[in-house]
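After this come two complexes, each holding chain A, first together with chain B and then together with chain C.
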Partner chain A sequence: MNTVALLSAAKDGILTGSVYALMATGLTLIFGVMDIINIAQGILVILGAYLSYALQVHWHIDLFVGLLITIPAMFVVGIVIERLFIGRLKGPERTAMSILVTYAVSLLIEGGLNMVFSVNDVQLQGWYVTRSFAIGQVHFGYIYVAGFILAGVLLGALYFMLYRTRFGMSVRASLADQTSAALVGIDVKRVSTITFGVGIAVTAAGGMIYGATNAFNASSSYDLISRLLTIIVLGGMGSLGGAMFAGILMVFVGDMVGVIWSPVWSSLSYFVVLVLVLLWRPQGLFGKQSARIA
Partner chain B sequence: MNHKAKLLRVLGVSSVAAASFVSLGSASGAASSGSIPKGQPVKIGISLSLSGDFSADGQAFQQGYKLWAADVNKTGGLLGHKVVLDIVSDASSPTQVVTNYQKLISVDHVNLTFGPFSSLLSLPAAKAVSRYGYALVEGAGGAPSVFQAGLHNIFDVSLPVANDLMPFAKWVTSLPAGQRPKTVAFVTSNDPFTEPQVTTIIPILTKAGIKTVYNKVFPAEVTDFTPIADAVAAAKPQAVVLGSVDVPTVSAFMQAFEQSGFSPKAFIATGGPDQGSTFIKAVGAKNANGMMVPNAWYGGSANPLSKKMVAEYIKQYGGTAASVSSDVAEAYSVGEVIAQAVKATGGFDNSKIISYLHSGVTLQSVQGPVKFNGLGMNVNPTAYTFQWQGANFVQVNPLGDPNTVKILYPKPAWGK
Partner chain C sequence: MLQKKNLWWLVAFGALGLFPVLVTNPTYTTIGVFTIIFMACATSWNMFSGYSGYIALGSAVFYGSGAYTMALLSIHLHMAAGSELFALVPVGGLVAMVMAVPIGWIALRVRRHTFVVITIAVFFIFQLSAINFGFTGGTSGLNLPFITWGFQNYNTPFYYVGLGLTIFVTLVSALVRRSRFGLQLLAIRDDEDRAMGLGVKVTAVKITGFTMSAFTVGAAGALYAMFVGQIYPQFVFDPMFDVSIALMAFLGGLGTLSGPLLGALILEASQQYLTVTYSNGSLYLILFGALFLVVIIFMPQGIVTFIRDRVSRRAERERAAVAANDAPPSPTTPVEGVAVGGTH
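On to the complex of A and B.
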């Protein structure tokens, strides 16, 4: 067994896994607060990547500087989607209906992106996209390290928002019991709308890293969404920490299996992990029955 | 129990209804009689991957088909009938492609069918249209599995893929021992287009004394290629043979290699570098330098038919000859072949067209002469290797061909 290959796979698992966690964060946050399964998360990641692409190609704005524009822009996109589609879902079938509605939203966005950008693959460029530094014989791509740091910072910011702000308290109260939250004066609808916006806003960062590490087009979203759903189920739907841990675990296991045995078994391996975990903890690794934000 | 019985009854009735519907569809959409009333257009049904994994190739195929239709219509159409393309999207799904061709024939009543993109979709498509007696002439279904199905109605106008990498293998083994790569890595997607190409040349390179240091297959649905590419880089092969179907796969490997500080002396990918400007935009022109790809056609081809098509393509879509995807030529060739078959048979009767294409006749296309064997495989084309040299996409194999230029070897370091 080649030690460098093993160490590289471990490094790839941790760094790439954190980026997947970042992409899945919005998905788990939205489910945790709103009980909405956002199938459009994959295409929203790609939308975030295309926004960075447009800023880079047309205005020569650096990818990381561009996040100052794309994150607020994606927040607005999230608010619009919530107001137009999600907020209108009522009744006991709301969660199931959200799958269909958000799938329709994803098709709309995919069609729009294909019209504007065509289906030809593009990739985000920057001096740090292809460069790396080495520790021993293991090379660390700057963009992957940046993605890891960005994931940590944004997840930390989300934690701060949830546990150190008045709005976070409202979110957690809404999560625990929407009726009781409304009785103590919390505007549950407003909290839901803003939470949806925040959940979509963080995909801008995940999309930028994804677009800098992969050539992509609108159809790339289909490969993403299945992975993102796997992450939040494994981590526990609604758990931010769970998403981070599960993202890293999933990619780490897949990468190690790919190096030790064969890449053919990579995808299967994390589904095996998922099944084993769910047999042991049906609510996922960090999922809770009552309060899911943990 | 009662509920179960009811369910079974409903299923039974549904099955009979479905079977009847299919039969009706087959009857009404049975192979066209061959004649079209004067003044009416000839409808050609096509399923293309306009979304999904193959969307970039599907889009290029659409350009090729449309370009051909426009050219034919400029000269009065097929036997005086204007060509109308009925294109539907299959989202790169082998299931949807079957539904699409069934609809095109039984509901839209198209007169002819052209193939979709990729071997993965061409085989189910050919099976579907064969039930209606239609010919399926296609440009991107050259995998052995397509011909091994024993269908009588499929015709692939392009190069059969199994021997695509042969010129590359011959060139490598022809190098003096001192220059020849000493080690090689084979890494391929488990796709019917890529695997046969890669496995064909492994024994040839092994026999020449080149040691295989990595040989793995990865599933087509992989989204993150970095760990696989890192494992290849860690094995430090002097040559890399990548079985890829698209630009994102090649670009991910190139990026990971560059980040690992690894640059092989020779790097050939079965698909991706032939995608013209799409490839260059994704990887950057400097990184493309030295990248190789096998194929039967390139934008700089000296074939007069090809030159004409390239000029028209550039007029309509812009770019340069090097930026024209080989998908465009493959699709265009389909139209050319069917036009000659229609002219020769004097109509649109699919059974006559199938017989004609099986007759051993040699037809002309932008990709060169086309002649089908009993399996529908084009036996005429020559396999070439192309390479990006700066901004130019040039032919570097086979050796001895008048259009072959000197190969850039060893491949320059990334970004040089």
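On to the complex of A and C.
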């Protein structure tokens, strides 16, 4: 194995992995606060990508400028989904039901996207999409670097919101224990709704980078959601740092497997890593092992 | 009471048995074969996931394993293309059970939420392996021996074998429900820690249930492979399959005996019908998703439980009404009480 391949895999792991980490953070945040597994996260990433695509094709708005529109738009989409469907789920089977409800939502969106945009693959365009620069023998695509910076900025903003604001404190309190949070006067329902919106809003940015680095259509969401779920379980469900680490690890391992054996095995490697890690740590890398888990 | 209930079951299965006699149009009997296959799978899924509360979204692993067992054995053993192939249907089920033991051992080390995701991950391992390994034929799939019996009655034998599987799994499911083992599964669903505290060997019970439920799904996969004649990784390891059978069980009533059968009958038949009639995939996705949401929001307990609650509530009301009529009139009725109060 040569050093350049190793360095390239490490670079991809960090650059692309951070974008996956951003999308997965939304998912793990929603799970941690609400006990909701949002299967629709995959299709919402694609919806975010298509929003950027529509802005680009119809109004010639640059991808990064477009985020100023798509991020708030996806936030609203998240709030609407939470208000219409998720908030109605009650009872002990809530988490299991949430999988089915969000899957149904995802089918609705998939059908809608197929009708509006057809099933042909598209990719987002921009001068930075096709160009790259090199350090030594390792090539850096501008879009990947931009994606990394964007993910870093948004994760930083998310971190700031969670750890430095009063609202973030209520989110973390709800993460730790919903009942106690409600007892100290936190409006858990409102926190849940906003958290869901925030968790979905990040898909706009993730989707834009995904759409610029991959050709996609609505059915790309299956591949995405399986990766995102793998990342949050590997990191430990509900753990924000875990999602970050697992996102980078996944892409790194996938790339290494691609270099050493063959690219056809790289997507398989995510799932094998997941199964192996769970044999050793059933709660995931950074998950908390609590005494009673539903 | 029990007699009357059993009679209903006989009538229902009798009607299913008469279907190919009454309906001869191959378009509809094909829909019938797919529907009966899904009825068997949904019931089998419910026997573990419905009773234990561990929602598995990777049953296509067993379906695909059964299908590939059928295809690979029939090809490599050079089997004659006739009803002998039906002998491989239970073999497909057994292979699926063998697969289920290590998968269950790994996936059931964690609790419910994570279990769901691991079953999805295992599913993708199988799908990607089927695409990438050589012996499965990759994305070009495998062709089974071409069945020789005539076109006109082609569907009928498949339908009855499928019906046999459905009856078999319904009986097993009913027996499990009444057994000590079934009660242990239900105890796990209600409170796993307490069940463990009361001496239920939870891990052994869960793995056993998981393995048992794999059999019929594998056998159904083998039957499917024989029925369609060629298999592709993306159709036998289909994520829609995983979610569809879960949805069928939820629609009918999770953990009930008749729920998954009813759910599969409604969903699969309507799906096949819509596909045949409209052949618009996107419209179908929207209709399916919308139906799904309506059911979960308005009947979260499923159709069977919903109707049962209504019936028992009405019976209760009638009983209350009868009791009220029989009872002697109370000395002071509320109306008089109000009137008295008004004179003050």
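One rule holds in what follows: the second predicted complex is superposed on the first by the 280 of 294 C-alpha atoms of A that agree within 3 Å, B and C clash if a C-alpha of one lies under 4 Å from a C-alpha of the other, contacts with A are read in each partner's own complex, and residues count from 1 in each chain.
Going forward, a residue touches a chain if its C-beta (ideal position, glycine included) is under 8 Å from a C-beta of that chain, and two chains touch if they have at least 3 such contacts.
Quantities reported herein were computed from a predicted structural model and do not represent experimental measurements.
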Chain B and chain C placed together on chain A: clash or fit? clash
(Q) Just checking: does A:V264 make contact with chain B only, chain C only, both, or neither of them? Give me first, second, both or neither. (A) both
Exercise. Quick one: classify A:H139 as touching chain B (first), chain C (second), both or neither.
Key: first
*Regarding the shared-chain residue A:A96, is it in contact with chain B (first), chain C (second), both, or neither?*
second
Exercise. In the overlay, answer first, second, both or neither for which of chain B and chain C A:M115 touches.
Key: second
Touched partner set for A:G247, first chain B, second chain C, both or neither: neither
Task = Determine, under the contact definition given at the top, whether A:G26 touches first (chain B), second (chain C), both, or neither.
result = neither
Report task. Please work out whether A:G207 is in contact with chain B alone, chain C alone, both, or neither, and reply first, second, both or neither. Result -> neither
Inquiry  = If we overlay the two complexes on their shared chain A, which of chain B and chain C does A:Y222 touch? Say first, second, both or neither.
reply    = both
Clashing with chain B: of 3-11, 75-83, 111-119 or 165-173, the chain C stretch 165-173
Chain B and chain C footprints on chain A meet at residues 110, 114, 222, 264, 267
Counting only contacts in the complex, chain C reaches chain A at residues 53, 55, 57, 106, 109-114, 116-118, 120-122, 124-125, 128-129, 131-132, 193, 239, 243, 246-247, 250, 254, 281-286, 288-290, 292-293, 296-297, 300
Residue set of chain A touching chain C in the complex reads 31, 35, 37, 85, 88-91, 93, 95-97, 99-101, 103-108, 110-112, 114-115, 222, 226, 229-230, 232-233, 237, 264-265, 267-268, 270-272, 274-275, 278-279, 282-284, 292-294
Contacts from chain A onto chain B in the complex sit at residues 2, 4-5, 8-9, 12-13, 16, 110, 114, 118-123, 125, 129-132, 134, 137, 139, 141, 144, 213-220, 222-224, 227, 251, 254-255, 258-259, 262-264, 266-267
The answer for chain B against chain A in the complex is residues 50-53, 55-56, 58-59, 92, 190, 216-219, 221-224, 226-228, 230-231, 233-235, 246-248, 251-252, 255-256, 258-261, 277-278, 281-284, 287, 414-415
